[in-house]
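Take a look at the structures listed below.
Heads up, the next two complexes both have chain A, just with different partners, chain B and then chain C.
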Partner chain A sequence: MFLQTLVTGLSIGGIYSLMAVGYSLIFSILSFSNFAHGAVIMLGAYIGLALATQLHWGLGLVVSGSVVGAGLLSVFNERVAYSVLRRRRAPSLFLMISAMGCSVFLENMVYATIGSRFYAFPEFFKREVVGVWGSSLSLLDVFAFTVSIGAIFALHLFITQTKTGIAIRAGVSDMTMCSLMGVNTDRLISVVFFLAGAFAGVAGVFLGIKYFVYPTMGWVTNKAYIAAVIGGLGSLPGALIGGLILGVLETLVSTYLSSVLRDVFSFTMLIALLIWLPNGLMGRDTEEKV
Partner chain B sequence: MTAKKEPAEKSAKPAKYLEIMGLHVHYGNIHALRGVDLAVGRGEIVCVVGVNGAGKSTLMWAIAGVLPVTEGSVLLNGVPLVRPAGRAVRPHEIVNLGISLVPERRRLFSPLTVKENLIMGSIRRTDREGIAADLERCFSLYPVLKERLAQRAGTLSGGEQQMLAISRALMSRPSILLLDEPSLGLAPLVVESLFETILKIREEGVTVLLVEQNAFQALDISDRGYILQTGQIVESAPSIELIENPLVRKAYLA
Partner chain C sequence: MEKMGKMGKMKRSIIVCVAVILAFGLAGAAFSAEAIKIGHTVSLTGGASMWGQSEANALDMLVKKINAEGGILDRPVVIVRYDNRNDAIESVNVARRLAGDKIIAVIGPAQSGNAIATAPVLERAEIPMIVTTATNPYVTRDQKTEKVRPYAFRPCFIDPFQGTVAARFAVDRLNAKKAAILYDVGSDYGQWLSKYFEDAFVARGGEVVAKEAFRSEELDYRAQLGKIKELAPDVFFIPTSQKEAALAARQARDLGITAVLLGTDNWGSPDLIDLGGDAVDGAYFVNLADLDDPDIQSFVSEYRETFGAEPVLPNPIMAQDALIMIVEAAKAAQSIEGPKLAEALANLKDIEVTSGILTMDPAEHNPLNKPAVIQKVDVAKKTFVFVEKYQGE
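Right, the complex of A and B next:
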């Protein structure tokens, strides 16, 4: 029972991590919390859904398609809503407000065009379970966890080992100097938004498979935001660890205490963290977290 | 520190490599540069001297394309970098044209390692062999950097940070190097060797525009000097003449 709870927790935690990575990437480079990220995840889920139900693609292709689609949407979002503000050197609070506007806009676009129906993915895993030490683990949970960890590890390699990755970290440290090295910072920011969107695509498909696809499903990213704060906004290892911690703790609370208390617990934790540990477990020192 | 000045003495009128004409820059509400004219010949070391707030750094940031220019023009080898209308070539394009800035307080990528900082310097280049050769050149200039490659730039000493900042700028293989207050916050002995390396860099064919508060030493290694006062050039002459000019001595070399 405990192992089963743990694996369920880790799998939902892995999805939280995927979403938290998107928050952290954008926070680290532009110093604002991109609250439109949830809407990108939702759109990623719809893209995956369309590929799975209309084109009958397999899971691998569905995830890849959603990665590319959500990545491009995220870049488009930045170009339309944030880059103008950036050029005018607007304070990050303005960017955050613009992000909230985008989020509401995108959700209502989906209501207006696709509707408010709940859609389910076709069953990729046919409720398969694997028995490990007397516990039965859902194959989906194991798969979601493995892919999440794998994707975050790949991102870590990209950020630390490639020239583009080094340029992203240089931009996080000093954007002006980064451009003086010859880096087109507008393009660099687009790359970061594409990465964040790509992770949103994976997260959207997994969320959609685990639960349903509907216009406000992006609100679950509030949890991812908590995960990012636990780990420390702007820190990649922090996003991973924060997501896993939150996923496991939540599952433990709903299994052993009450599932009604789950969200109460999570948001209490957010408030407590912002008061006592605002930089999270691995975050850099910033006073400003919008 | 006395091996210098050959190029300027050979030709009294150096060919203008970097030419700045009537440059006006506003910094918020402040009219920071009020019609600056300045020229640097190929292979020269030219130094701009002035007190704090005279507009020296503004001049550097404007040449590098970071600060928008209200009026005036900047020509590199006859090609305009700033159009009279204002917004012009962007910073990352300026680097590709061969201008590299080492800003005041160095502005290293402090969480990145020394090696990663040097990679950033050469990020736009694709010639692997050339990059490797330039890396060796930096190590021969500053052997200590080779030992510190895996260390984070923020943990280096002030002198080492300046070495890294200059090396990072050289890794883009600039034809002209802009140095903004390179001696700031360094111990006297380190300053001495810093000015010696500036001469070495020039010997390798790099033109240098130097901004300094440390006027005496800067004029000592440079060919010509300009005096910048509240956003205007008030004096320009070969460095030797500036050093001997009693007014300059009184105001800047005391």
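Right, the complex of A and C next:
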């Protein structure tokens, strides 16, 4: 029973991590919480759904298509809604409010054009259960978990090993200086938004396969945002660890205490943690956090 | 029927889709008098929109017919429709707005939580409301005073009956001894139905081994299901909407739970099969109406011809019943004033409605002898198969 709980918790946490990465990436470079991330995830899921049901693509192609589509949408979102604010040096609070607006806009666009019904992905995996030391786990969960962790690791490599990655890290530490040194910050920010969007695409497809596709499916990112805060906004390992901790903790509370009390516990933990470690587990010291 | 709204999501902006349907088209020339307005509060967006859209279609279809036959007291009928987005707060706003629109009665909302929120507003305005599929007892009865609400009526059965039917079926037909329940703690519908089912199941000698809850909008129930699996129930009762039921079924089967799944009228949407896939195959649920019911065949074929799609039962049927109740009550009262209309509604007897024959219980404002059907999900044929009909008490 305990092992089953742990396995379930990790598989839920894996998805939280995948979504939390998007929040952390953007926060790290622009110091604002991009609340439109949930809407980009939702759109990524619809893109994947269209590829899977209309073009009958396989899972690999569906994920790749959704990665590119959601990535481009995310860049477009930044260009249209945030870049002007950024150039006018608006406080990050304004960016956050604009992000909320984008989220509501995108959700309602989908309501108005596609409609509110639920869609399910075709079954990529047979309903097959894998036994892990006496606990059961679906094939999809194993796959989703592996891909999530793999993608986060690949992102880590990209940021630490490549030239663009170094530029991003430079931007994170001092944007103005970075631009003075000849880095094209607009391009840099587009790359970051593309990466965040790409993660949204992967998360969208997995969420859609597990929990269906509908306009408000992005709301689950509230949890992912909390995971990002627990791990330390702006930190990639933090997003991963925060997601896994939240997933496991929630599942433990629902199993051993009460499913109704679950959020009471996880949010109490969030508040307590922030009092103790205001920057989360692995966050860097920042004064401004919205 | 109930899908609780998402309160506190105020930042999600408000699309109030205002559709004032002008049904003059056909009958315009025949009437000189001013039109009679009937309000319709319905979920045109949100999780319950499938039923809401179908409900709106069925009403528009019927209004044309009523107007062709002389309308209400020789005046044409017009539906004033607002989207309540399946949200309790929005439902109250819609009710206030309708009260200002000089309507004679309101049809809807379809969900118990929204209907309970709406009832006091319309009661104060002395406007009768006829909900479509809100099955909670406290839609027509005030929970504080336990007195019947003078302006609230319904054409559908109520949850204690539905819960009892589910328990009777589980014990008599499925020979179940142990049951598990999973319900939405944020929904009046789910909370009460699990209680009614539990009471009836225990009274028939069964044992409820697990009663687990989740919060509205939650998507993963595996923590709760892990517990349920350990207790090995024979039946697994899930009084939720089709989306949650499909999720719970898929996750339960993934965890290796083999119990027979048992649901309620909220399951009765065609997309239950699309969403649930193999996991919902062979599940049973209680419903208000069956597409194969001989009594409703003329409605079903008319709907198919008009809209080129199947009606999403039971809402369209119940909405038509509600409109016919208003027309008949106005005829009987020879008046469209709120208090007189309400009195006539309470005393409707043996009127012919779309679902069959309807008689109101003046003491409870619920219909008498409303039957419930049990349907079985057949995934291969993509249909709900009629299993059994239980007559009202």
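Criterion: the second predicted complex is superposed on the first by the 285 of 290 C-alpha atoms of A that agree within 3 Å, B and C clash if a C-alpha of one lies under 4 Å from a C-alpha of the other, contacts with A are read in each partner's own complex, and residues count from 1 in each chain.
By our rule, a residue touches a chain if its C-beta (ideal position, glycine included) is under 8 Å from a C-beta of that chain, and two chains touch if they have at least 3 such contacts.
In this text the structure is predicted, and so the values were computed from the model without any measurement.
Touch criterion not met for A:161: it reaches neither chain B nor chain C. Applying the stated contact rule after C-alpha superposition, one finds that A:181 touches chain B and leaves chain C untouched. Within the superposed three-chain model, A:146 lies out of touch with both chain B and chain C [touch as defined at top]. Annotation for chain A, partner touching more residues between chain B and chain C: C. Of the two partner chains placed by the overlay, only chain C lies in contact with A:104; chain B stays clear of it. In the overlay built on the shared chain, the residue A:169 is in contact with chain B alone; chain C does not reach it. Touching of chain A by both chain B and chain C, each in its own complex, is seen for no residue at all.
Contacts from chain A toward chain B in the complex involve residues 163, 166-167, 169-170, 172-174, 176-185. Taken in their complex, chain A has these residues touching chain C: 1, 4-5, 8-9, 12, 100, 104, 107-108, 111-112, 115-120, 123, 127, 129, 136-138, 141, 210-212, 214, 216, 219-220, 250-251, 254-255, 259-260, 262-263. Considering their complex, residues 6, 9, 11-13, 15, 45-47, 49-50, 185, 212-215, 217, 219-220, 222-224, 226-227, 230, 243, 246-247, 250, 253-256, 271, 274-275, 277-279 of chain C touch chain A. For chain B in complex with chain A, the touching residues are 64, 66, 90-92, 94-96, 100-101, 103, 107-112, 116-117, 119-121, 123-124, 168, 172.
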